[in-house]
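Each of the two complexes below includes chain A, the first together with chain B, the second together with chain C.
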Partner chain A sequence: MDTEKTMGQADMTSAKKSSTGITRRSLLKKMGIAGATAVATTAAGTVAANVSGENATEFGDAVGEFFQDHYQKMSKQEIEEALARLERQYKRKYGVEVKVDNTPPQPNVLYGYALNISKCKGYRKCVDACVTENNQSRDPQVQFIRVLEMNKGSMNLEESDHYYNPELVPQEGKFYLPVQCMQCENPPCVNACPTKATWKEPDGIVAIDYNWCIGCRYCMTACPYWARHFNWSEPEIPQEEINPVTHYLGNRPRPKGVVEKCYFCVQRTRKDQQPACQEACPTGARVFGNLLDPKSEIRYILENKTVFRLKEDLGTEPKFWYFTD
Partner chain B sequence: MKALLERKKRVGLVMIGLIFCALWFPLFAAEEEDEEEEEEEISIPMEEILSFEKHAPAFMVKLRKEEELDAFPCMDCHEDEEPNPTERELEEDHEDLVLEHGGGRFWCITCHHLEQRDYLTSLKNKRIDFDQSYRLCGQCHFQRQKDWFFGGHGKRVGNWKGDRELYLCTECHNPHSPAIEPIPPNPPPKVRKGLEYVPTKHHKHVNVWEKYLPNQNKEEDHGH
Partner chain C sequence: MAGLFSFVMDFIRIALRGDKLYYGWMATLTGLILVGIACYIQQFDQGLIVTGMSDQVSWGTYIANFVFLVGAAAAAVMLVIPSYIFHDDDFKHVVLLAEGLAVAACVMCMLFVTVDLGRPDRFWHIIPLIGQFNFPISMLAWDVVVIAGYLLLNLTIPFYILFTRYKGGDPDMRIYFPGVMLSILWAISIHTVTAFLLSSNVARPFWHTAILGPRFLASAFCAGPAFFLLTLQVIKKYTTFPIKITIFRRLSIIVTAALQINLFLLLAEVFTEFYHQTQHAASAAYLFFGLGGKSALVPWIWTAIAMNVVAVIIMTIHPLRERIGFLSFACVLMVVGVWIEKGMGLIVPGFIPTPLGEIFEYTPTWIEIGISIGIWAIGLLIYTVLAKAAIGVEQGAIRMKTN
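Then we have the complex of A and B:
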């Protein structure tokens, strides 16, 4: 597999090309299910055609799901079928009308995030808003944002604590450093993925196709920011707490055995809305926007504040900056 | 001082320009237009030239006075009250109001208009609408205000694109006691089943927040 150092549009094409190299199917073959796969592949066309539409059965949908192609290789119609199938599956599983959309990236938009650590007070409001918005498993708990309590005057992450629980925050002598997926411009997780189930979208969001992830967790090892999380068991979300407004690459409910992480609330931000964590933050510590718009707030921060990124020496080029007043 | 000199020079230029124009009007018509524009610019008050408001990307604010202020309109009562500028213990009303701002350096009428109680006031005694309270704060907190205009302080509500709506300073700061008080945090994450929390002081320079409980499956990896 070739490593991807290019950005945006160029990346899409290179990902497409390389996905003809190793695909999930060829990987499955190598793993010894060659027989079943081969038989099923020939049957795929006919079976899938029979099960789509109103009368789709649970079994039909399962078969359709198995033969679903990689997100970037699906035709418009195939994607629409996949979205409809997912909506039926969620209805069966959760009893809720979940809408799975596929809003495309906006042209001339590259998302960036900046966080003011002199404003963040460690309330964890962002953490909980994120869980609710993004249909994260409540039990076992999955959280995209990890707020690290740090010793003032030190950037030593090894001395941080994200289980802090004093009566009041902020605590004397501490500051708070929320960490989440930084949508690296040069993401090591993408390079680590053997099935190309994760890639960089043209608006900079590092996306995951949960239907293509085989749960090998190489990406988790590769990520220097502890941003990726694995669904060890079946995610549990109370029915009444399901957020029914979802995106294929974003907050649609995930199955057991796949990796997930923050995607800058793709279901919101591609529709001009702020990410849920920005909306929830009462201090205004979080600034989100378009890096390509010279009048955006994020550009003002980058041009007028002293900003830094975590583990800059690794060359990952995160699109998530920290700054102080 | 330099600005003042500059200004005098320009006014001088305008006057020379005007004399020339009077003599050879048709020839200098174009120049006259230029000079007029310059004169207009000079007439803008210094406070506004200093203000970044005009240079920042357009914005609106989330309004407060009608929606959020219980005591508004103030004139409901103050119509009949004789304005009283003396610093004193308030007893008949507003007795709960704690004025910590500035550590005793100002009294109500530093910010509230003495006669027109439905308005705030600038230090030069100009009326300021309650829904433009950032103009009041900006007189003394210039840098914060500048950041606020451009998105480096405060908060943009709703969307990152399109109409830009900002929180007023008073959405977050009580103007009478503006320091932001500590509050309880939301609950911490749960340690994943099979793992145990490692207090920070025991980290010993490895990146762990959790460790495996004895006799657990060692294949699972750390902390995710």
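Then we have the complex of A and C:
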């Protein structure tokens, strides 16, 4: 992995600005809002004039959403408006006060994950914790982590069971291989995206702007780890199960028709918490940390254990390692 | 641009005029388009959940048809080269029709990609300068450029030629020749780029092969002209437009050579996959023989191969190929055979098994089929209108009135 390059990137803020982009977009947006005001006044009898304020209407927010720029192109103020708009929209849809924050990446941090497959017993506690933490659609159910039940003595994924459901795990003669987004240093999905809706953040997380994705699913075709999932219909989450602590690039509830995937719990990890899957694991198989910190546990594992990565031959440089005791 | 308005009006007038059969045909197409629109409204409302696609098989009928039609669009070049480069008068006679077919195919390509989008409302995000265009890294961005460009070329060159004739003049070769040269290179590029769109995926061993580009071109140059040959038969039968038998003969030679090459490349592929079978051959094994008890595509691919083999036998035996009945039969076999092989037979098994080894099958839903039929009807409608108007101008039925 190219550590030096990544450290350099960590100094930059995630929201790069393009002055020309902003001017053009603000103009478009103003025109759109003016149009919206006219239509809303006549049709619905409501005024959508104060779109960014308290009195913003559903229609005004829809217009604002339509003209919202790419995450990396938005100014600070535009991002603030986008976050407030999302919070209003979630309130309307779920009846919950959801907080959408935009915590930037920390300097000199590059996240990595290591998983001890001799400790993993296939309980799938990580899968459940992930769904709850990350506001994934319950119906149809979207899961970021897939635990494969593998035959001992083989790494052949095609012989794995994705839907194992015995009375007791672990089963005789089996071992368990959890797979999720590897946050590759050389991610094929990022190259595939025609609209730059997915990119690598300075802390190594491969993020998606759910408001920019057009839903072509080319990234799903490109991913060798089957880490990317699509919202085939309007995601449904029961009101009482909404996690109100969210991040724009992370666990905020997703719209219909866009791709999503694991982002190392960006809403937690950028605030020095562990990912939900790490906390939920009852066997302590999961180790998450900063690859740039020589004293971190993950660095200890990489330096002292025999590790491997999945499909390393594809040159994707995953930041997710497997190891054994 | 004097006379442009009357040209457009005459163009529309001739497209709306016809006998009972013509009205029947256009009414049928319109009906099918309405069915497609009704299906699409449902998909737009509920999301792509109404299709048979899944996280496992995330592309299906839409992209399969898209890939096939890129080939059909590229096939026009097989008439453009002899017409404009070698000045073959027989080919020149029908080349505008081939370009009309290319226009229709390009429009269908764009529609198939659009209906596949989860967020068609965000279409502007992919438009260069307004949105964020991931060029030149994303192969999908390349595909947008080459298909839009090819559509433009196939609209402007025939427009210039027809409009000049409409005004009673002779098209100036110095004006259209650079465009023709560009469109020849462009035709090769649209299919190469579409092949690269798939073969660039390290995650999908079934596509990740250098032979995919050559295979695409070979199959395009047999199925495309074969389809065009069939439409010429229809035009010959129902209009007074004279189409010489030499056109059929020459086109059938092109088709035969392309089909033979296509089958050879398929053989090369199958040999390499199966001589020493690796895990990377799992998709091919699924396609040809079934895998893990799942075998939905097996009857399809063997039907396609049987069709192509029968077609190549007919086409290779000279006396058989000379007979119009046999030729048409072989063309139908080729079009359907390549459509299966390159559409469903190429796109769907790329996803089976998944990169994590799961074998999950795909069956299109009626909504998907309805939308696809609607798009085909739009394409045929465009081709019919363009062909009818082009024939009208060529035969002198419409000319600018000179005072």
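Everything that follows uses one rule, which is that the second predicted complex is superposed on the first by the 276 of 325 C-alpha atoms of A that agree within 3 Å, B and C clash if a C-alpha of one lies under 4 Å from a C-alpha of the other, contacts with A are read in each partner's own complex, and residues count from 1 in each chain.
Criterion: a contact is a pair of C-beta atoms (placed from the backbone, for glycine too) under 8 Å apart; a residue touches a chain by one contact, two chains touch by 3 or more.
Only a predicted model underlies this, so the values are computations on that prediction, with no experimental measurement involved.
Look at A:158: by the touch rule set out above, it reaches both chain B and chain C.
In the overlay built on the shared chain, the residue A:300 is in contact with chain B alone; chain C does not reach it.
Looking at the shared chain after the overlay, A:94 reaches neither chain B nor chain C. In the superposition on chain A, A:188 makes contact with chain C only, while chain B stays out of contact range. In the superposition on chain A, A:220 contacts both chain B and chain C.
Residue contacts after overlaying the shared chain place A:282 against chain B, while chain C stays out of touching range.
In the superposed model, A:230 lies in contact with both chain B and chain C. Once the two complexes are overlaid on the shared chain, A:169 sits against chain B while remaining clear of chain C. For the contact definition in use here, the residues of chain A common to its chain B contact set and its chain C contact set are 140, 146, 157-160, 162, 217, 220-221, 226, 228-230, 232. Listing the residues of chain A that touch chain C in their complex gives 24, 66, 70, 73, 140, 146, 148, 156-160, 162, 179, 188, 191-197, 212-218, 220-226, 228-234, 255-259, 311, 314-316.
If you check the complex, the residues on chain A that touch chain B are 116, 121-125, 127-128, 140-141, 143, 146, 157-170, 217, 220-221, 226, 228-230, 232, 269, 272-274, 278-279, 281-284, 287-290, 295-298, 300-301, 304-305, 325. Taken together, the chain B residues at the contact with chain A in this complex read 57, 147, 150-162, 167, 172, 180, 182-193, 197, 199-200, 203, 205-207, 209, 220-221, 223-224. In the complex of the two chains, the chain C residues touching chain A come out as 46-49, 53-55, 58-59, 113, 116-123, 125-126, 130-134, 137-141, 144, 197, 201-204, 279, 282, 292, 350-351, 353-359.
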